[in-house]
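As structure tokens, here come the structures.
What follows is subunit A paired twice: with subunit B in the first complex and subunit C in the second.
Coming up: the complex of A and B.
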């Protein structure tokens, strides 16, 4: 009987959530992926929004069982775009999203199995020409084609952003936990399979996929008498080191600096 | 005048009663079907009333005698009155008998009246306060009316005023006692109660039997409802059962959650179910409320018992407070099944809405993903016992005993109990083996939390695993696993001979397979686990093990079938509904009252709950630990090479 956040205004906002099949970290059993289910939770809590779930992959029994986990949250249907093994799903998702034209696409930051590179949302944003926000923790409001959102930063900090829609946002693991998945709606919900041609990713097919092993990490011992310093050191996410801080510059100058950096880093190849 | 009015009065009352009866039956039948044998049911009523029901009523001697006098007197008087006054056959002994029975009934009524002068808090007031007066009115009225019929008073004695007074008295009496029975007055309990005895959903309970396993949901049929949220979703005989409640409050008096100030009162819960079938509001209820609750409650929109937002007849917290200890069921003279109703509604909340409160969702997710409630790796089940070199059943063709370890393997406290038990089994040369990492949670917790789907999945997989092996019996130190394996796996094809470790230890001691020294541990009391005692009727074995240890048990006031729950059952610690005090603290108070230095237990849950009470307090020891400590050193002959004792290594 938990009251849901339900006063967020967003008239007729259509949200697509890209959901993957999860893999339990200990037993490897299929189920909801944690970040993806948080994305579904965020979408469901937006009042007045219409939520549709999208999965592209092999329509195996395991996959369907995992998808039922999302249906159990109270979702009526999931569209399952049939793809063969090693398919690159960027193209087919781009096509689907172009035709359904949602205002907002949510996804987890990274899949729990398979390639798990976390690149898909970026590739989609690029091919759709939409903006992308990473680390989404909550959507505060949606008005006039603009969403006000909170983005997670290291050490519990939050940044409020305004994003022009349509946009793609990846959901951080600190977003609100997904509600319990219930058996009844999971069983009743529909998984609608849609056949689409697969675009096989040859490189991916040549990969050998192994279980990840946790590597031992050298701890940085901070000898400080202040608990705050020790905590900061323990909780710090590794920073990039260099870089430069630009302040009081015009948008043009800022964009140029970013563009230059991306070229230097070989992210943009012209 | 009387000889015209009386037959009319009686006939009218009977006709109204029959009409009421049909309406009431139609109301019950609005529930879901539950097949019963009508003839067998009806004919079984008298015996069940005299034996099974009276067995429970008898626990309160005062009310037992009162009830016999009043109910017996009334039934006999009514039958005789129909003959004497209805058909005017006062001749001979009949009239005198009628006088006798109305007199007996009068005595009973006065006793009822006395009980009602300063009634204990558990009794409901309201119309029940009126009942003794109605009983007196009937018995007095009928007595006086009969006097002329046997010639003790002249016909037409007294004025017409006197006759009118008699008519009014008898009319008052029959309206309460005859058609009041089928139109919803306090005497409804007699009508519904009698039929409930015949058409009870758990027929096995009668004639000394026991039926405590939850009824499975049919998950294969997608149209069959997942639990209950509307009153019509109970089976018709469950509805009949609710209607039989006489509001005696015996259940309320024993409910640990009620005593702890959690928002649960089993009597009010049953009355709310009655309200949901009739008026839809609890405004007329005149007993104690759910602790902490005030105001009136109504059936929610769409006829739901529990609202997901806002309020309806029952709050979800009420249902989640129940520890499923069955104390209420054990005490209920009307044989009502409170726990079934609680779990039915929990099933709906969990399976349809995913609203298991507290840590419920986490625990269920863990059970689904890792087969244990703590979310530990299933491959680490045996980590605690690496040094014990336990024989694995999968390496063996057959074992005498399959030792079911339970989820206690992940709990350091329970590991001590398990070690003690294994020490004793080895001392007795018992040929035992374990399932190791192939064992899963029994499903008890999931089922009590309403997640029937997860329970069935665990149960079916465990049954499949067990089917691959050969063993004579299962022994476990967890009464919850014991109950589920013994009583609830049968519905899915798993039938085993299961022992609680206290029962098995008792066998070992009796047959001389282990010999014990006297335990020198001071004074001892014993706490009956609900799932061993009330669920399975095992009260003697643990006590006789303690006796074999030379220990005399200082019994608590509430022991045996009246044992008070430790607060650990039914997922109550997982959902953790707040109250005024904690149930284990109350139980520890019971233990302290006996002056015992040690409380012997036989359940990992009870151990955890009771050890959670702050010190200083009596020590909590599992029966297995007490036995292991008292094993005598005379080495028993070894028969199995693979029951290796750890060899001492001299470096």
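Coming up: the complex of A and C.
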């Protein structure tokens, strides 16, 4: 693959961030989406990268107000691609990204409204033929058209990957928290609207969407033929009892017992 | 004619269940009395109902059905009771369709999430007795799991390849496409988890041009037609829709299989497609500073409370153990630890695999916070405190001394290890 002009040094790495509108977790007011704002933060922290923000959706006042949250982070402008309600934005974004041709596209893992399936980055990667990485935490270096990145794993662990650019990366809660949005810059920034034809997502009409209800807790069912076992399981107190208690032991013996348990659980890195 | 000799003391002990020698005496009495059931000459189990039980103190016959004494009375019987009863084996020779599941297999074993998804696959396969389906599991790399048959797997595709080990979504996707071409499963099920299922499932459904149902938490059946309920908009909405081919299911989406065993028949793939371009290179896992890991996510926590007097030593121990540091409310209030390190209902709810509580007596708020921890170790002066009752291993003694001995032991093992490597 021929390295493109922009890949030769990281100084001219162009990053597009796909941002969506979110809601405040407590008040429910429209604002930045948490994961998307983390993606913007990540892009802004990259030395010498040029960041551009892209949103596709309805150009309502509420939406624009929410997008101003990103402008308040110190971004000059956001491109807003006008789309009607229930539009499938994959095609429009594919077209836009193909023409702007960034080295790296960042997006949140899951949108805070609509279906929130987290499928868009995958669809874009497939239609553009770019690489895709999930759970991006930090970009370590970019050289020869390849980026070395850290990916988040469960339990705070990290994995180092080398990815060929151009790439699409998703960002989740493991990435650094976004900076505060300032009022002044949010007012001064511009939202540039681009009109595009929208493709209506017809499958969405067949979905029955309602407010989330609390998931039922799983009951602990004990399948046993003996009534005594069932009763014991039902009447058992959670936790407590059955533990090994070592009293009147020397510190060394105690330490050895703990060491043995740590090795059994395989948490000790020797 | 011999006289029946009575031993009033033994009878008294036999009547008194709380007597320390009760179990022993019962075993003796049972051994001396003739058994109430035996194997007949034709292989039939014979029972004598008159011999069951024992005379109680008031001249009434008492039959112990609790099973409390059975194990102690018959030495071999106890072992048999503990052994897992053999579940019936179910074989499906000619399945009408295949439900494919790609489990995460974290650490080479089925996770509880995987088992839930397999339970869902079982529901789909067994729904119509006229049209019995089979559950196919796809396992990459290597595995340590030994209980596949209990998880409800009929067929197993085991793709043994070094390059499929670890994070290799593109190669794995290619192999899943091979399976799609060869076996064409009716449904593809993935756990929607950060361990890899979420990514691989989305990659495959995009490749197959199927719109998947993501974050599925419930299957609904309406007049023989499957529908599913999914979480949308980040936990804000529920979407009810018809069940597509590709399904990414959340944890607890269905009950795991528990009643039957399945045959786990290996399936060989005949052809493999040529490898496509690999764009992602895995350079391996990175050493992470445990102090930087969020407390709620940490795997191994060393937590200090009021009993810790020398905090430098505590920090050193955490460093040597490579554990994340936690603290009880008292330690935080007294200014020894920052507020974000507080464990408990009023601080962070932790889910560590191993939690070591040093000098923490275990207030109820603290115990609530560590409810989801797998193993709890307590080091405490007071043997009667609640933390010791909760702990899987409790050391009663001077916390400082035990910590120091533990650090010494680890340093010693580390130096031995490095000697081994040098030699």
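Please note the rule applied: the second predicted complex is superposed on the first by the 204 of 270 C-alpha atoms of A that agree within 3 Å, B and C clash if a C-alpha of one lies under 4 Å from a C-alpha of the other, contacts with A are read in each partner's own complex, and residues count from 1 in each chain.
Throughout what follows, a contact is a pair of C-beta atoms (placed from the backbone, for glycine too) under 8 Å apart; a residue touches a chain by one contact, two chains touch by 3 or more.
What you are looking at is a predicted structure, and each value in this text was computed from that prediction instead of being measured.
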item	value
Touching partner for A:218 - first (subunit B), second (subunit C), both, neither	second
Which superposed partner A:95 touches (first subunit B, second subunit C, both, neither)	neither
Partner chain(s) touched by A:182 [first = subunit B, second = subunit C, both, neither]	first
Which superposed partner A:251 touches (first subunit B, second subunit C, both, neither)	second
Comparison of subunit B and subunit C by subunit A residues contacted	C
Contacts of A:72 with subunit B and subunit C, given as first, second, both or neither	first
Touching partner for A:31 - first (subunit B), second (subunit C), both, neither	first
Overlap of the subunit B and subunit C footprints on subunit A, listed as residue numbers	none
Interface residues, subunit A side, partner subunit C - complex	23, 110-119, 122-123, 125-126, 131-135, 148, 150-164, 167, 172, 203, 206-213, 215, 218, 221, 223, 226, 228, 239-249, 251-252, 254-259, 261-262, 265, 267-270
Subunit A contact footprint on subunit B (complex, rising order)	222, 226, 307-309, 316, 350-356, 360-361, 364-365, 368-370, 375-378, 451-453
Residues on subunit C engaged by subunit A in the complex (per definition of touch)	65-67, 167, 194-195, 198-199, 202-203, 205-207, 211-212, 214-215, 217, 231-242, 252, 255, 258-259, 279-286, 288, 292-294, 297-300, 321-323, 353-354, 356, 367, 371, 374-377, 379, 383, 388-398, 401-402, 404-406, 408-410, 413-414, 417
Subunit B partner contacts - residues on subunit A that touch it in the complex	1-3, 24, 26-27, 29, 31, 72-74, 179-185, 187-188
